[in-house]
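What follows is one structure encoded as structure tokens, with my remarks underneath.
Note that the chains are named A, B, C and D in the order they appear, and that numbering of residues resets to 1 at the start of each chain.
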Amino acid sequence: MSLKEIQDEFDKWAQKCDPPYWKPHEIMARLIEEVGELAREINHRYGPKKKKSSEETKEIADEINDIIITLICMANSHGIDLNEAMERTMQKIKERDTERFEAKN
Amino acid sequence: MSLKEIQDEFDKWAQKCDPPYWKPHEIMARLIEEVGELAREINHRYGPKKKKSSEETKEIADEINDIIITLICMANSHGIDLNEAMERTMQKIKERDTERFEAKN
Amino acid sequence: MSLKEIQDEFDKWAQKCDPPYWKPHEIMARLIEEVGELAREINHRYGPKKKKSSEETKEIADEINDIIITLICMANSHGIDLNEAMERTMQKIKERDTERFEAKN
Amino acid sequence: MSLKEIQDEFDKWAQKCDPPYWKPHEIMARLIEEVGELAREINHRYGPKKKKSSEETKEIADEINDIIITLICMANSHGIDLNEAMERTMQKIKERDTERFEAKN
């Protein structure tokens, strides 16, 4: 599934909710909450009070996923196609690579 | 491009860097910085000092994209496949939909 | 108690811990966690899923306090006197006031 | 100056603004922006791209101060007395100390 397909699939579901999306500032606050949960996981695994084995990464995967879902809400509520910006980024990465390759030759 | 393909493409580029990825806490701090930039955009557009027309969403798209890229770094540096968690989420959404449909019938 | 006195009191306690303070990136991650909890409170009270009466503010006070404590850890671990920066801010506010008063006359 | 005096001084100034305080979600977004700036400083000093000598701490002090000012706005707009929560915290710290002392004897 591409980012756009994930967005569309999520939107189909959201459109059955009332309202489909929260207000931007409300999504923003939710985003912080989710980022805070990832930060807690990072401290649990790598921080001063290590509680987790360094091998399990499921919680980190889940927290990252929750953040992406919140970003999809923000994007959808603005009619933003996340593929577009991502393709620009990927294009830049490839160009930087080509320059580096040429620089070496 | 799926999330996994974006991750792989990004990783090909990162592997040429030394080190390919920052430490988890460093990526975490960067994530906050990027989230802070999205927050500033949200206040510029919807907040007390509106500076932006409500029609332009390019900056918001770019800030969301920067956050996703940072999350991809965090995921890649942990060997996390973001498609997996996303598919679980999408599956849950569909199941909730089916239950709702059945509840109505 | 001034900010400096709070810092000193807290430091007396911290010096009995080993180590007295976490590393800067670890305190940073904790800060986000605490900020995320305030964000959750704000959404609970003012957001899409209001759960709290608008009159109780104890939770908000507690979350703000937790953030200030985390900032005190960050300041103390750097030997920063928070009174100094705050006094500069207060001075600026008063000057801006004087200018405004003069502008009116 | 105690936290309460800082709050009062700030409020005198804010009351001349219209409106004196932003809405809670707007202050929340501003808070993230300020926290993001502290995160950037932390990465500049301790992170993968160290730019700053470890001796200068003025920027960190200023960023912490900006966060505290934003928290004071949040507190003031809710009529919260920050001294109260802080005194509870300080009391807890002292009690924990006494217990520890007694445990040792």
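Everything that follows uses one rule, which is that contacts are C-beta pairs under 8 Å (C-beta built on N, C-alpha and C of every residue); 3 or more make two chains touch, one makes a residue touch a chain.
This is a predicted model, so every value here is computed, not measured.
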item: Recurring contact interface, reference A-C, options A-D, B-D or C-D [over half identical by residue number]; value: B-D
item: B-D against B-C, pair bridged by the larger set of C-beta contacts; value: B-D
item: Distance from the mean Cα position of chain C to that of chain B, given in whole angstrom; value: 28
item: Rounded Å distance, chain A centre to chain B centre (Cα mean); value: 2
item: Per-residue multi-chain contacts in chain C, two or more chains; value: 23, 25-26, 28-29, 32, 35, 39, 42, 47
item: Residue numbers on chain D that touch chain B, as the complex places them; value: 19, 22-23, 26, 29-30, 32-37, 39-40, 42-43, 47-48
item: Residue ranges of chain D touching chain C (in the complex, touch as defined); value: 1-3, 6, 9-10, 13, 16, 23-25, 28, 31-32, 35, 38-39, 42, 45-47, 57, 60-62, 64-65, 67-69, 71, 74-75, 78-90, 93-94, 96-97, 100
item: Chain D residues touching chain A - in the complex, by the definition given at the top; value: 23, 25-26, 28-29, 32
